[in-house]
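Lettered A, B and C in written order, each chain numbered from 1.
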Amino acid sequence: MIIALNDVIDQYCPNLKKYLEENPDIDRMVKTDNGTYFAFPFIRGEERLCFTVGSFLRQDWLDELGLAVPTTIDEWHDVLVAFKEKKGASAPLCYDYINFKGSNPFAFAYGVGTANNSSFVLDENGEIAYAYARDSYRDYLTTMNQWYQEGLIDADFATLNGDQVTAKMTTDQAGASVGWAASRMQLFMTTAQAENPDYLLVPAPQPAAKAGETPLYAYAENRFPDVGAAITGSCENVELAARFLDYGYSEEGHNLFNFGTEGVSYNWEGDRAVYTETITDNEDGWPIAQALAKHIRANYNGPFVQDLNYLEQYLQLETAKLCPETWGVATAREHTMPPVTPTEEESKELATIMNELGTYVDEMALKFIFGTESLDNWDNYIRTLENMNLSRALEIEKGALERYNAR
Amino acid sequence: MKKYTGDRIKKDFQRNWSLYLLVIPVIIFYAIFMYKPMYGAIIAFMDYTPAKGVSGSDWVGFANFTRFFSSPYFVRLLRNTILLSVYSIVFGFPAPIILALLLNEVGNKKFKKISQTVTYLPHFVSMVVICGMIKDFCLSTGLINDIIAFFGGERVPLLQDPKYFRTIYTVSSIWQEVGWGSIIYLSALSGVDSQLYEAASIDGAGKWKQTLHVTIPGIMPTIIVMLILRMGSLMSMGYEKTILLYNSAIYETADIISSYVYRVGLIDQDWSYSTAIGLFNSVINCALLVITNMISKRTTENSLW
Amino acid sequence: MKVKKSTGERIFQVFNYVFLTVITLVCLYPMWHVAVASFSNSNRLMSHTGFLLKPLGFSIQAYIKVFENPMILKGYLNTLFILITGVFADLVLTSIAAYFFSRKNVLFKKPLMLLIMFTMFFSGGTIPFYLTLKDMHLIDTRWGLIIPFMISTYNMIIMRTSFEAIPESLTEAARIDGAGHITILVKVILPLSKAILAVMVLYYGVSIWNGWFWATAILRDREKYPLQVVLREILISNDSQGMNAGAVGDAEAVAQSIRYATIMVATVPILLVYPFLQKYFASGVMIGAVKE
């Protein structure tokens, strides 16, 4: 069993305490409804570090075809059609559905994208809504179904994994994808540019559902993504453990976790820590992700505050550096469900409902997209969700959100 | 029982005490890793949470079972499990027998040896690799679709369409196990008395008649025992493969009780519910075994016990 | 005995050879496909359709990449550790059990055997087993993949049957010379059971080498992943676990030919071993053995 940390943080953790006091919005995420702390949190230091998923596509193809980077669903359609017809891409849009089923920007365009393992969003009125039961979810599915039927989305996208996406994206079979900036977009570029120096990907901004609309929703991870370190009841020296874990929030610890060892993995240039060649141009030929993993924890997680400076250097290629800025939407946070905590009783009930719903929703989403289930059966779908006790789940989430806001 | 009288027990211990001492680790092993989980299955009747433990959790009677029986997935899971099992019995069970019979007719030793070595091969390839290969071959750009397209058919992402899952599953399972499964029948075939063949051929029976009247009856006990064993693992088969192959687009045909147990238990961590479903499955399994054994005992006089 | 073959029989023979040839090719081709693809040029492989009879281009680039992947090397080492320790432990405990149940005149043999056989047909299920491992503090340890799997009842019964076939006179002679059970097992029985030991090494070895399910269930620490779990991440990964926090970019993706090279690296060792043990397979057949 893990122990409550309130007294521990008060007594032994000056650095964490200071950080939480200075950042009340994060403090609210870390503690529970009754104000108890259980974790030494992993924290994303800035909002921009939270826009980690988005779409990107072939700039060199766009240039060749005289097209602009798409900003609406219709423009996306045109671009994908052009990729298919003029560039011969067999799967113009290719991504691994399994990883991005809820978090792809097309879903966010319709206000039904989800992040942080939640299936709920906050709608235009700030009301809580189950993303996969919203009316606009039907529009999203209609679009996806249309794209799938037209052959604009990879025919196998439900079974693909990251490697297969990489293979298609780097061999001209696909021209647009969804994913992370470094481990996908940047990787595709470094891989493909070895053979084709003109190969260039650019991030596309969060599209709007219709021309003239401003996108409101986008993928935004929580600043505290619910990972951290804890101390268990069997710990013999709580003070030592606490002081050790608090180190990550001190300036020294911050630099160690984010940049590694001075003189080995980074040097100071003015007041900016800059990675050495050991990281950026590894002597053993390691890719940057691997070199980073050996020296730092920032590209994983741990009890510390992640530094934006890390990401800016991790993203080495010019267009990849644009990702956090391009993918971000100012209002995204307002529509993202914060990390609420249902009570123990509620959790159980909620889990039961959500697991059952999840299976059904996952299944139906693909059936609607593939066209094996007609969207005429939408009402039936909604009715089934109701029968699976969706309203009770909403009620629980609503109560938890109220308690969260009252923290 | 007359056998276990105090006197005999005493004598037995005097004679065999060192043997019993030796086997203690084995007994401990079975107690901990086989019987303790059986006892642990009582959480199927509880509302178990790790925090409270087995002793502290509340009893809920059959609530977890009724929840399963009234679940929207119950009928589908049962149907999928049974159909997949029936497929693999109907097609998968005879396959190695036929292969063994055919191999038995091969005169060329070298050919037979090569054939055997190669058909055993898939058995040694790990399930993860097999499923990785199946997934690749079933892509709309994969090998199987290449063949379909070559004959003018339309490319279909095979593992995204519920229609094909059972076929893919059954055919690939036969591919994996047909060679390996034939070993036991080959060994039974080698045990059939050759004098019977001579007698049959003197009576003017051709190859076909010999097979029908000598060979098959000769290996029948083996077939029956294998069939009974197969029935006993009917409902628990295939979860590893299913988990590796399926995706939400094909749950409709691919989701079986044991994969659901895995999802509910180890992924969603709904311990009691998952255990209840697993227990239901185990009981059906056991019942099937007992029933098949009984039927077989009555009709063919072959049985496990 | 020479009997003239009828036309029907000759037709059957031809059909039989053709059919078996086809079956053999079908069993062989997928592995051949993977082998050939692993040596192929990645780009040419992507645009290729249909059967692969020989490598497209020739490159060992994929293999270099595979061995540069630290996860695969670690996976290999973990698997080797589990394999060597596991097979050894399995053999020790299984032969002890088999020895016990092959002895004559042991009063409690029958009831104990029944209790053991029962576990073949009825089990507590996945979750209670998992919770047992948890109680035993085996979660997130490599021992958790060894200790709970030390005896497979099927294997034990096969071994017992083989031990029973050893003439009693041999063990009696040793007994009269004052040898204890351990001495008899190690000095008399095991040296006479090389064939069955070889089969056991193979059976246990293959199941450890190929096992992945419990490894995914109990291991949290990626450093402890055996090869098959690493493979699963590379080849299958149909759980959306990558979504979790911190995944700004930790997973490195790989090209198609690397997938195939990975399969080869993980599969070839087993495929190299088994043909040498093939002649013993028949002794591993358990028919009639389950029957008591």
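What we mean here is this: a residue touches a chain if its C-beta (ideal position, glycine included) is under 8 Å from a C-beta of that chain, and two chains touch if they have at least 3 such contacts.
On a predicted model such as this, the values are computed, not experimentally measured, just so you know.
**Q** Could you work out which chain's C-alpha centre is the most distant one from the centre of subunit C?
**A** A
**Q** Which chain pair shows the largest tally of C-beta contacts?
**A** Result: the chain pair B-C has the most contacts.
**Q** Calculate how many whole Å lie between the centre of subunit A and the centre of subunit B, each centre taken as the average of the chain's C-alpha atoms.
**A** 41
**Q** Could you grab the centroid distance between subunit B and subunit C? Build each centroid from C-alpha atoms only and quote it in angstrom.
**A** The computed centroid separation for subunit B versus subunit C comes out at 16 Å.
**Q** Residues of subunit B that touch two or more other chains: which are they?
**A** Expected reply: 135, 141, 247.
**Q** Two or more other chains in contact with one residue: find those residues in subunit C.
**A** 234-236, 238-239, 259
**Q** Which residues belonging to subunit A are in contact with no fewer than two other chains?
**A** 98, 159, 164
**Q** Given the complex with subunit B, which residues does subunit A contribute to the contact?
**A** 1, 90, 98, 155-156, 158-159, 164, 348, 351-352, 355-356, 359-360, 362-363, 365-367, 370, 372, 384, 387-388
**Q** Residues of subunit B touching subunit C in their complex?
**A** Answer in residue numbers: 3-4, 8-9, 12, 15-16, 18-20, 22-23, 25-27, 29-30, 32-41, 43, 50, 99, 102-103, 105-108, 111, 114-122, 124-129, 131-133, 135-137, 141, 143, 146-147, 149-150, 175, 178-179, 183-184, 186-188, 198, 201, 206-208, 221-222, 225-226, 229, 232, 240, 243-244, 246-247, 258, 261-262, 265-267, 271, 274-275, 278-279, 281-282, 285-286, 289, 303-305.
**Q** Touching subunit B in the complex: which residues of subunit C?
**A** 1, 3, 6, 8-9, 12-13, 16-17, 19-21, 23-24, 26-28, 30-31, 33-34, 49-51, 93, 96-97, 99-100, 103, 105-108, 112, 115-116, 119-132, 134-136, 147-148, 150-151, 180-182, 206, 209-210, 212-213, 217, 228, 231-232, 234-236, 238-239, 259, 263, 266-267, 270-271, 274-275, 278, 281-282, 284-288, 290-292
**Q** Show me the residue ranges of subunit B that touch subunit A in the complex, using the header's touch definition.
**A** 49, 51, 71-73, 135, 138-141, 155, 157, 159-162, 247-249, 251-252, 263-264, 268-270, 273
**Q** Where on subunit A is subunit C touching in the complex?
**A** Against subunit C, the touching part of subunit A is residues 42, 49, 52, 98-99, 101, 103, 117, 159, 161-168, 170-171, 173, 180-184, 186-187, 191, 195, 221, 225-227, 287, 289-290, 293, 299-301, 311, 314.
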